[in-house]
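Chains here go by letter, A, B, C, D and E, matching the order in which they are written, and residues are numbered from 1 within each.
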Amino acid sequence: MYDKLYHNLPVSEALEEEEEVDLFDYYYDEPGSLPGTLNIEEDADPPSIVLIDYSETTATRVQLATPEACVPYLDSESVSWIDVQGLGSEDVLQRLGKVFHLHPLILEDIVNVPQRPKIEDYKDQLVIIAQMAMLNEQEDSFWIEQVSFVVGKHYLLTVQEEPEHDSFEPVRQRIRHNRGTIRKHGVDYLTYALLDGIIDGFFPILEVYGERIDQLEDEVVTNPTRKTLEKIYRIRRELLALRRCIWPQRETCSKLMRDISPLIRPDVQIYLRDCYDHTIQVIDIIETYRELTSGLMDVYLSSVSNKMNEIMKLLTVISSIFIPLTFIVGVYGMNFDHDASPLNMPELEWYFGYPACWALMIATASGLVYFFWRRGWFENVSSLKDE
Amino acid sequence: MYDKLYHNLPVSEALEEEEEVDLFDYYYDEPGSLPGTLNIEEDADPPSIVLIDYSETTATRVQLATPEACVPYLDSESVSWIDVQGLGSEDVLQRLGKVFHLHPLILEDIVNVPQRPKIEDYKDQLVIIAQMAMLNEQEDSFWIEQVSFVVGKHYLLTVQEEPEHDSFEPVRQRIRHNRGTIRKHGVDYLTYALLDGIIDGFFPILEVYGERIDQLEDEVVTNPTRKTLEKIYRIRRELLALRRCIWPQRETCSKLMRDISPLIRPDVQIYLRDCYDHTIQVIDIIETYRELTSGLMDVYLSSVSNKMNEIMKLLTVISSIFIPLTFIVGVYGMNFDHDASPLNMPELEWYFGYPACWALMIATASGLVYFFWRRGWFENVSSLKDE
Amino acid sequence: MYDKLYHNLPVSEALEEEEEVDLFDYYYDEPGSLPGTLNIEEDADPPSIVLIDYSETTATRVQLATPEACVPYLDSESVSWIDVQGLGSEDVLQRLGKVFHLHPLILEDIVNVPQRPKIEDYKDQLVIIAQMAMLNEQEDSFWIEQVSFVVGKHYLLTVQEEPEHDSFEPVRQRIRHNRGTIRKHGVDYLTYALLDGIIDGFFPILEVYGERIDQLEDEVVTNPTRKTLEKIYRIRRELLALRRCIWPQRETCSKLMRDISPLIRPDVQIYLRDCYDHTIQVIDIIETYRELTSGLMDVYLSSVSNKMNEIMKLLTVISSIFIPLTFIVGVYGMNFDHDASPLNMPELEWYFGYPACWALMIATASGLVYFFWRRGWFENVSSLKDE
Amino acid sequence: MYDKLYHNLPVSEALEEEEEVDLFDYYYDEPGSLPGTLNIEEDADPPSIVLIDYSETTATRVQLATPEACVPYLDSESVSWIDVQGLGSEDVLQRLGKVFHLHPLILEDIVNVPQRPKIEDYKDQLVIIAQMAMLNEQEDSFWIEQVSFVVGKHYLLTVQEEPEHDSFEPVRQRIRHNRGTIRKHGVDYLTYALLDGIIDGFFPILEVYGERIDQLEDEVVTNPTRKTLEKIYRIRRELLALRRCIWPQRETCSKLMRDISPLIRPDVQIYLRDCYDHTIQVIDIIETYRELTSGLMDVYLSSVSNKMNEIMKLLTVISSIFIPLTFIVGVYGMNFDHDASPLNMPELEWYFGYPACWALMIATASGLVYFFWRRGWFENVSSLKDE
Amino acid sequence: MYDKLYHNLPVSEALEEEEEVDLFDYYYDEPGSLPGTLNIEEDADPPSIVLIDYSETTATRVQLATPEACVPYLDSESVSWIDVQGLGSEDVLQRLGKVFHLHPLILEDIVNVPQRPKIEDYKDQLVIIAQMAMLNEQEDSFWIEQVSFVVGKHYLLTVQEEPEHDSFEPVRQRIRHNRGTIRKHGVDYLTYALLDGIIDGFFPILEVYGERIDQLEDEVVTNPTRKTLEKIYRIRRELLALRRCIWPQRETCSKLMRDISPLIRPDVQIYLRDCYDHTIQVIDIIETYRELTSGLMDVYLSSVSNKMNEIMKLLTVISSIFIPLTFIVGVYGMNFDHDASPLNMPELEWYFGYPACWALMIATASGLVYFFWRRGWFENVSSLKDE
């Protein structure tokens, strides 16, 4: 479902596409609908439920058929990570809500995507709504997908919009192969590891944008065209979308790091501080890029004005040189009758009349050329050719 | 009355209409008037008073003739929702004020519409002034109407500007058909349900604006005209009006959600948190749209400059090619007398004079065309045709 | 005196006038002068002192000859409002300072107008400096005049710059005719009533500006001229002046409403809350208008560019059509001697030479017209005529 | 020394001068230098030390030869004001530091000018770094000079950059002639009086800028030239410099006014509140001026565009009228041979041929003139002449 | 390694270079990598470890072969400064982490450069990440290099990216030659001295930018070219990079100065206050420069428009004068047959026909010249020559 909502096409083709219309969409209830109404899209994937249960010594991965199948795991001392992918069945989701004792409004936020990222504290549960951004395969666009976390004492429930992509695979591998310290920690560290994966997913995207801005910096000065303008606007627009995803997540990290919820232990808060730092870095880079593109727009406008100046100069040089000459040849094209009066255009009868006329024209043209040369106009005109 | 104040016509016709003048109007007292003076508009609808009284088991709907008729309901344990629509009678409104023991300044705020949204806490009453925005039937404009809430222990008084439209119908249906949990809760939940309906009413409007901005994004690059400019300005202006409606409502929700007034019970505060999230979303979208339109204005300006550049290029190409040619033909239109001197225009007597002249002109024109082609000017000119 | 300082002339004439120079003036001490030095302008009106003394049952109005004459009233239980108008006598003002035990710096702030609005708390006195704005008779400009309040337990001293205009007359009428509840309250309510009158005086001014902005919105799109630009700049400038008057008054109201000074009783604080709301509304409208004028400036710039585009298009169309034609007729104005060579301009001898030449010219012109018509240039040109 | 650093030349000449380069200079340590290193400029004036010792009854003024000479005065009950002018001797300054027990970093801040204004509290000393701005004699530029205050229990040490100008003379006169209450107060009041003099010194400068902005407002609309642009930029730049001087001083006043240091007594804090108000006024005026100049820049850009429009209109009118006429006369300058064919230009043989040609041309020209007149182009062109 | 990342080339060549691409780079973890993974660049310099151990009486400098070699020094009462330069060996860095008991995340921040500057408090260690900026030899660009501080009770560990440059040499000299008070203080003063050196390193860079801005101020008014635009954009971009380095360091200084960590003694906090002041100054200057360049961009745009105006004026003057003249000579080049009718161009037969024609043309031209002269157009054109 998300690729219909968020798929960003390559910059060059995208402006004509319909999909990008929804880049700034939010889910909203039909006005007047009951609070807690779940909105299931028809083409959404059916939910797949995967449970990973691990402790320091063992790790199990089970594909569950029903939400109720995870009940036995929830209160055991081992960490149970229930990962639901796909929002295609209201029945399954409602039963999931019952299994985890979710407030109807929380279930609504989880299912009716996309929501604004946030964190809410329900005594024995911590609910986190996050947005995951991932570069696509061609590295020219990104997807945004909502991931919801329900953190309990011994379990973590994550709900993703659809099953195809996520940035959690490295964490699964770390659990499976017992790499790092993840199996020594509890649910809080798992939450950190997944959140950290989400935040880190923004960096490769920003790197792509950094490269595009670099390309535009050249383009905007050497050869600004209408396409350049579109590209700048597009980058600004997409950075705005990224900022909307990451900005509220800063508050999430900040709250996790500072507020001492009994579900987050102090030794994991040190890790969350690192996660918070990364969030600040992402925001910092986005703001810097926005300032750069804003500067690029100024440079673009100036470059366009500069181009106009040079076009006008060329027109002025050519017009100014030839218009007086055309006047001179017009004079000697007049038909005043020399026979009627000796005053009528005697020049036409002079022996050196025609050469003198050319001399006059060459002198006029040279004077004007010298005038423009003194003002340095030709430098720019000749430099134009080299581009 | 409100349609005179706020009716937004379809974008294409609106700039000529007089009604939109009042989009940013506020009610203000005639300077020096007594505090508490009620201002009744002559053409306002007479107030209609509808009482809906419900408990978990029963629900009654009564059309009341006088404000005093609702007194018996006010202190009963059941929830009494008194909905007044229309502000056309000072007498009825004053009596209403007496029945509900309203402070004269509160009554003034309720009657002298529009006021800035706010919430005030009067010990045993909570007064909320809100602005309700509704898309009209053609989906091309919106209405804004003031709704005032007086929340008591067992009653809710709502006062609307006029009887024709509101976004409360779904709530009435939920009460009537006992859908959801509304009849299990008290006045606080009813207040939430109505406020939620008001906030949710902003989303369809914003969706319309989102689509308009998308259309403008195409228009501004491919075919920017004076109309485009008007549309951008109009959208900015209307977003400004929406922002003024919703911005102070954020504070209302925030206060309801946080301050523990005995009239709002903790279990309803969870719902109000949801309502607050929606308000933040609305503000967030409005700000994003404002940034987008601000970017559109930049793109518009650049597009106009680009167009000028292309017009100038065309003029320069045509002028630069033909002005030298015209000079050449002017030269051979001169009347220097060949008889008077062999130096006078011998070219005219040459056997290949005329072909040589054409050859010169063709060479000149080709040289200039090549010069412009090298600089890539023709690409743009030819692309212009395709639009 | 104030009209010399602040008088705003009608927009159309004002830019040439000298008076508006002082729109942003502030009084400042000659550097190095003694603190507490009073600066009396020579042409200032002599102070007139009017005492209104009232209780719930009686109300007296006395014109006092000397400041000392009000001493007997100050400590009586009735409310004594001493209204001084005009700052033309240092002696009277110094004696006034003694009667009311004013700190020299306070007296300086009262007399050396204009000062920045503020509120200061001196144990048994509350000093408020406010700026009163009033629309003039022609409704095309406004005056700003400083009003200072000294609030005591049983008295209120107000000092106005000059005697001619104020917005206090309705309050005097309410006291005289015992309208509303003013005579039932004390000094604090009187202070509220006067402050409220000052704030309400901003609304009619803002209404005038709202109308001007509406007019400009039409003008800026349909017929932007240099005058339009001046008007936009002037409105921005005057809104800036209004904002400087009202912005610090917000703090005054806020402090009065929140800080529990024993001089302001709780039941009057409810009224001050209303006053604060109005101040916020005024600031809100000013900010909205400033955003609108800022948008208007953008539209103006775009309109000017658009106009230039259309002028250029016209020039380009006419030049592009006639320059090639003029070249053609130039060709056949050449004097190559047909007798010298059969190759020299045989066209001139053709039987259909002249009609063929016209056919060529008409074909050329038609081709160019079609080219411009395809690009839609004529639409704009023809629409230009209708304006 | 300071005039080399800060001297602002008259606007018209300044851009070429080298001195203004340092308008935004700050002193900084050579990276890696020892903290507390004093940097003595070679051409700095040698320090002159003047002691003014006064109590309510007596006042003495002594020119001291060495810093140590003031030791006997420091602990006496009378107020001792030691005023050092000139920073030209490291030895004297080091000894001064020892006499007053100054921390090396404080001495560094006093000597290595200019520093950012600040206030620091060292138990029994209060150190204030301030910037004094003074209008020069021609009233077309201003100087900035650092003044440092060391406030002790019975003494005040002030250190100025150079001896020629200061704004302290009125205070010296007040002490000498026992004017006002200065001799009745202590060191704290003296500090206030000097700080107040510094703040008040900004007002005449701002008045000059207010007048310049007024002049520019006319100039920018009626006759915008390149010089206008330079002037606007220059004013913005100088307001920026002023803002940097005054902005941190606001914090100084605020701290003095609020924090109860035992060195500042409550009755002087009332005076400091006044001083704080003036600082706010200065900042307020500077910000207003900055907004005005920013608006002026917009108007300037628009005026330039308007001028271009009018130039283009003129060119278009003249070209559009004469180019078709030139085509017509070109037609009848063609040499098609009437003898070869009766179709070849029979008009030339008509009896009324020439008058008919003129009639055609006059009709064409009139039609075009009417077309432009209908569009109102001539109004602007004629109004142009009047300027 | 850092010169690949940050090296800023001279302004004139830089836009073509690839290196500057990374000016805004941040290190980020490969998404999904283990927290604490060290990323060693292949071409990084191998770490060199230098220990400087000093007390008031002695100072030793030792080049250490292994990280473990410094263990004996760490707990001695003397101050041990371990300076590691180069990040080229994971093994050495890991062992370093063990010796100093560094948290894996801290080690990651130290090694995976560049990180955002920050300060973190780990009970008995204070970790500071800072960015050091240094002017290069040609004084036309700057380097940025990360320096990490680990402050313990008796030791300071600093880790620099590479061994070639640092701004710590003066501090080493002060320790070696026992200059100033550095050997009398502890680790906290050493930390201050190094941090101060880092901050002071920004000033020479800013001085270079101040000079560039001064040059641009001239250039932008007298001779704005495309290069000017590039330079302004480049300066803005580089100031943005500097701001990102210094802005978070302000928080570092602020925390060190205020929060009473037992590792920082009160007498050193006075020095840190000085360091904080310098940081504020650097930020202040950067912001001022950013405002100035933003103003320069406006001036640039205006100058370009002004130039266009002058080009257009020249074109208009020349076209307007010669086009009517060309029309006149065209008239008398027509071939109406005088023989066919006496009305056909009798002027051609007049005795004074030709001189009269010249008189007409001279009168026309003079009239137009007078018209333009009255409007003051020639002033600008002649002033153009002088440049």
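One rule holds for everything that comes next: contacts are C-beta pairs under 8 Å (C-beta built on N, C-alpha and C of every residue); 3 or more make two chains touch, one makes a residue touch a chain.
Predicted model, so just to flag it, every value in this text is computed and none were measured.
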Contact steps required, at the very least, to link subunit A with subunit D come to 2
For copies subunit A and subunit C, the superposing rotation on Cα atoms, rounded to the nearest 5 degrees, equals 145
Rounded to the nearest Å, the gap between Cα centres of subunit A and subunit E is 26
For the pair subunit C and subunit E, the C-alpha centroid-to-centroid distance in angstrom is 42
Touching two or more other chains in subunit D are residues 301, 305, 308, 312, 315, 319, 323, 326, 330, 333-335, 345
Contact graph of the chains (line, ring, star, complete, other): ring
The answer for subunit A against subunit E in the complex is residues 167, 169-171, 174, 179-180, 193, 196-197, 200-201, 203-204, 210-211, 214, 217-218, 221, 270-271, 273-274, 277-278, 280-281, 284-285, 288-289, 291-292, 295-296, 298-299, 301-303, 305-306, 308-309, 312-313, 315-316, 319-320, 323-324, 326-327, 330-331, 333-337, 340-341, 343-345, 371, 374-375, 380
The answer for subunit B against subunit C in the complex is residues 15, 21, 24-26, 28-36, 103, 105, 115-116, 118, 120, 225-226, 229-230, 233, 236-237, 240, 244, 297, 300-301, 304-305, 307-308, 311-312, 314-315, 318-319, 322-323, 325-326, 329-330, 332-335, 338, 345, 347-355, 357, 384-385, 387
